[in-house]
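There are two complexes below, and they share chain A, which is joined by chain B in the first and by chain C in the second.
Take a look at the complex of A and B:
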C-alpha cells in the first residue's frame, strides 16, 4: 500500500525530469515541508483532511512553481552552450532541499518527531486471510484517484497536451506557439503538488521530522525500475518497491530494508542501463 | 617563464611561508582546521578529475574516501606497517573497488550514472555501519597515532607537515595529469563523447581510468584524515559530505585547479564563520548554493578569468602596441 505513495513521489520526479531534464534532489524535502504545512492546518485550525489535502497541494504548488521561476529560470538563462547544465541544476535542487530543511528547523515544532492523526480509522478489515487497515485502503484509493486525475489532465485537456508537447520537443513546441517557459513552471508546480499529496498521505504512517526527506530514495528506486521517462512504468515501479521492501523485511532482516532500494537501483541499472521500462537514452551529440 | 607559471610559483611560495609560520606559531585548533581543509582539497580535486575533467557526473566519491579511511586506520591500528605503505594500500583498495564499479557504471549516461553511483555511495555507508569487524559499525572506530620515519604523529601540529607535503604532491600530480595525453583524452570525452570516439579515443578505457584516479585521490584523502583524526563514524560519511565536496568544486570552478582550491578554502572556513548561527546554518548553506549557481555558473574562478580576459581586451584596445605583452 505504501508503494502507491512511492509511486506518487516518483511520478513527481519523473514529470519534472521528462519536461525539464532536471533530477529533483529536493523532492524529499518537498514531501517533508508538505507534511508540516498539513500539520499546521490540521492542528492549528482543526480543518478536516478533505480541506487540508487540496490546500496543502495549492501552497506547495506555489513553492514549486516559484522555485522554477526564481531559480531554475535564471540558471538556464545564464547557461552557456557547451556547458553541462545538469550539474548546475542538481546543485540548485540540493540547495532547495537545504533551504527547506533549514527553514523547518527554525521553528520549534520540528524539535519533536510527530505523526499526523489517522486519515480514516485504523480498524482492520479482513478479506479472507489478508488483514488491511481502512487507512491503508484509503491511502491507496486516494493515490490511484490522483494518478487518474493526472492522467486525464495530460490526455484530455489543452494545457495537458501542451505540456506533453513541451516535454517531447521544446523547440517544436515553441514554434507552434506554446509558451514553453510557462509550461516548465507549471510542471514544477504540478510535480510539487503531487509530492505534497504524497506527503500528507504518508504522514499518518511515518514519523514527521525535518529528516523525513530520505523517503526520496524509495521514489528514486521506483523511478529507476520504471525507467525515468515512462509514467506507467513508474507507477508499477512504486508498487514493486513497496512489495520488495515488505518481502525483505519478512524474509531477510529488518536491518536490510534500509539498503534494499540501493541494491534494486544498482541491479536494475546493471541489467538494463535505461531502466526496465525506459526507452533508449538520448545521446548528446557534439 | 610565462606570466601564468610565475603566478603559480608565487602562490606556492606564499603557501609555503604561511605554512611554516602556522606550524611554528598557530594554536592547535587552527592547525586542525588547516589539516581538514588540506584533506578536503585532495578529496575535491579527486572529484574534479571525474566531474570537471572527464565530465562524468558520479556521486560515489565519499564511499572511496571511507574505504581509504578504514583501510589506513585498520593497518595503523593493528600492524607496525609505516603510514606511507598504509595510505598507498588505502588508495589502491579504493581504486580497485572503483574499477569494479566503473565497468558497469561507465555504460550509463547522465541521470542514470548519477543515480547508480549515488545508490552505491549509500550502500557503502550502510556497509560501514553494519560491517562490525572492519569498521566497528555504529560505535565508530578509534584511530591510533600514525608513525613514520621513527616518529609518532600525536597531534595536529605533528601531522600538519605530512598532510601539507602529501597534498602538495597531489596538486603537482594533478597538473601533470592535466597536461598528459590521458588528461587530454578525458577533456575530449567531457566535451563530446562522440567526437572523442570518432577521433580514436578509447572512451570506455579512459572513463575507467578517470574513475580509478579519482578514487585513488579519495583514498589518499582518507589516509590523510587518519593522520590527524582519532575517531571516525559512518554517519560522517553520508550524503551531506558529498554535497559539501560537490559544492566546493562547483563554487570554486569546475575543471580548474586554482578554482577548486579556492572553493575548498571558502567552504572549509564557512562553518567557523557561521559557528554562532548554528540553527541558521542549513538555510544559509542552501541559499549560498542557489545563489552561486545563479550568479556564478562557472564558479569563482570563472569570474576571475572573465575579468582578466576583459582587462586584456581593454588593454589591447587602448594601446595596440602593448597588447602583445599582455597576452
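Take a look at the complex of A and C:
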C-alpha cells in the first residue's frame, strides 16, 4: 500500500525529468513542506481532508512554479554555450531542499515529531490471516485515482498534450507555437502538487518532521526500477519497492530495511541501467 | 520546602560520615592547592552547563537544564558551598556530538570553567569522553543514559543519573515478566549502540526470569515503514511487546501494532514518550493505548505526591515555563551530586579532589526511584525504574520499584 505513495512521489520526479532533464533533489522536502502546510490547515483551521488536500496541492503548486520562475529561469538565463547547465540546475534543486528544510526549522512546530490525524479509520480488516487497514486501502485507492487523473490530463487535454510535446521536443514545440517556458513552469507546478498530495497521504502513516524528506530515496529507487522516463514503469517501481522493503524486513532482517532502497538502486543500475521498464539507453544526438 | 531541607540535610550528613576519611586527605590549608585549577575563586565556582535547548530533541533537555540551574540557584540563596556561589554558563548543544565537543572546548579554554555539567543524548555525551579525559576535566552528564560513556568507567566522566539503557532494558523485561506475567515477550529497539545496550540487559533479565524473549527486532531511527518488524512480532504470537525506541518510531510501532490487530500489553521505554500529549496525537488512536505502559526512573508520577516538591519548586523558579516535560526532574540528581561532591571536596577543591568525592557518592535524591550510587569503578549513577499505565489520558502508577541486575558489557 505504501508503495503507491512512493509511486506518486516518483511520478513527480519523473515528469520534471521528462520535461526538463533535471533530477529534482528537492522533491523530498516538497513532500515535507506539504505535510506541514496540511497540518496548518487541519489543526489551525480544523478543515476536513477533502478541502485540505486540494488547498495544499494548490499552495505547493505555487511554490513549485515559483521555484522555476524565480530560480531556474535565472540559472538558465546565465547559461553560456559550452557550460553544463544541468549541473547548475541540479544544484539549484539541492538548494531548494535546504531552503525548505531551513524554513520549516524556523518555526517551533518543527521541534517535535508529529503525524497528521488518520484520513480514515485505522481499524483492521481481517481476511483470513491477512490484515488490512481501512486507511491503507483508502490511501492506495486515492493514489491510483490521482495517477489516473494525471494520465487523463496528459492524454486528453490540450495543455497535457502541449506538455508532452514540450518534453519530447522543445524546439519543435516552440515552432508550432507552444509557450515552452510557460509549459516548463507548469510542469514544476504539477510535479510539486503531485508531491503535495503524496505528502498529505503519507503523513498520517509516517512522522512529520523536517527530516521526513528522506523518503525521496524510496521514490528514486522506484523511479530507477521503473525507468526514469517510463511513467507506467515508475508506478510499478513504487509498488515493487514497497513490497521489497517489507520482504527484506520479513525474511532477512528489520535492520536491513533502511539500506534496501540503496541496494535496489545499485543492483538495477548495474544490471539494467535504463530500469526494468525503460527502453534502450538513449543516445543523445549533438 | 521542608522535604527539600530534610533531603539535603539527610544526604549531607550521610555523605559527610561516609566520606570523612576521604575528606581528611584534602588539605585545605595547602596554598599550592588553593586555586590550582581554573574556574574557582574565593567567591565563586564556574560550571559549564549545556543541554539541547532547541531543535527536535529540545524536549529531552530544556526543562532538565533549568531544573539543574534551579538547584544551583537554591544552593546560592542558602549561601553557596564553602562560601562560594555557583555561577553557571549555559549553552545549547542541540544533542549534536560536534556541537557538544565544541561547547566543551569553549567552556574550558575561553570561559575557564571548573567542571562540565550537561548532555541529554547518549551519542553526543560519548563524543565528549576523549576530550575531557585527555584534559582531566570532570564531566557530569545531565540526564543522558550514556552507556558507552560510563561503561567501562573512566575517571572523569559521571552519568546515567536517569539510568543507563541497561537499566531500562533490564527493568522493563522484569516488569513485563513479574507484573504482567508475560512469558513470551517481543522486543523492539534501535539498531545502534543504544539499542544493543538495552537489548543485552533485556536478554539477561529474560533468562534470569525464565521468560522467552522472542522476535527481537532492531530498527533504524529513521525507519519509515514499520510493517515488516511488526508483522514478524505478530507472527511470533507474543503476550507482551516492549518498545525501547525513540518517540517517533515508537508512535509508528504502537499505531501499527493496533492496525495489525495485536491486542497484547505494550510497554514502552521512557524515551518513547517524552511528551505524553504529543505521543497520543502521533499515535492518533486512543484504542491503540488500551493496554499501554511506560517506564520511568522517577519515584512517582510527575503529578504524584513524591514529585510535588520538585514540580512546585520548578513552577516557583520559572513561572513562565508552562507544562514542563516529564524529564524536568531528571535535572536535579546530577546537580545534587555536584553540590554534594563540592561540599565533600573541602573548602579548596581541585578538579581531582572533586572527582575523588564524586567517586564515593551514595544518596537518595528525593526524585528518583532508586538511590544514586557511584564508586571507584562505577560511573553510572542510577539503576531503577517504576512503571506507569497510560490510556492516553490518565497516568496510573503500577506498584513496585524494579532494579536492573545486569552490569556486564554488551
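Quick note on the criterion: the second predicted complex is superposed on the first by the 278 of 286 C-alpha atoms of A that agree within 3 Å, B and C clash if a C-alpha of one lies under 4 Å from a C-alpha of the other, contacts with A are read in each partner's own complex, and residues count from 1 in each chain.
FYI, a contact is a pair of C-beta atoms (placed from the backbone, for glycine too) under 8 Å apart; a residue touches a chain by one contact, two chains touch by 3 or more.
Source: prediction; values computed, not measured.
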> Is the arrangement of chain B and chain C around the shared chain A a clash or a fit after superposition?
Replying inline: fit
>> Per the contact definition in the header, classify A:117: touching chain B only (first), chain C only (second), both, or neither.
In response: second
> Angle at chain A between chain B and chain C: what is it in degrees to the nearest 10, using CA centres?
Replying inline: 70
> Which partner does A:224 reach: the first (chain B), the second (chain C), both, or neither?
Replying inline: first
> Looking at the overlay, what does A:242 touch: chain B (first), chain C (second), both, or neither?
Replying inline: second
> Between chain B (first) and chain C (second), which, if any, makes contact with A:206: first, second, both or neither?
Replying inline: second
> In the superposed arrangement, which partner chain does A:254 touch: chain B (first), chain C (second), both, or neither?
Replying inline: second
>> Going by the contact rule set out at the top, does A:262 touch chain B (first), chain C (second), both, or neither?
In response: first
> Which partner reaches more residues of chain A, chain B or chain C?
Replying inline: B
> Could you state the shortest Cα distance, in Å, between chain B and chain C after the structures are superposed?
Replying inline: 6
> So which positions on chain A get touched by both chain B and chain C?
Replying inline: 105, 255, 258
>> Applying the document's contact rule, which stretches of chain B touch chain A when the two form their complex?
In response: 51, 55, 57, 104, 107-112, 114-116, 118-120, 122-123, 126, 130, 190-195, 243, 246-247, 250, 254, 279-290, 292-295, 297-298
> Hey, which residues of chain A end up touching chain B in the complex?
Replying inline: 17, 21, 23, 71, 74-75, 78-80, 82-84, 86-92, 94-103, 105-106, 217, 220-221, 224, 228, 255, 258-259, 261-263, 265-266, 269-270, 273-275, 281, 283-286
> chain C touches which residues of chain A in the complex?
Replying inline: 2, 105, 110-115, 117-118, 122-124, 126, 131, 133, 135-136, 204-207, 209-211, 214-215, 218, 242, 245-250, 253-255, 257-258
> Any idea which chain C residues touch chain A in the complex?
Replying inline: 54-56, 58-59, 191, 217-220, 222-225, 227-229, 231-232, 234, 247-248, 251-252, 255, 258-261, 275, 278, 281-282, 284-285, 287-288
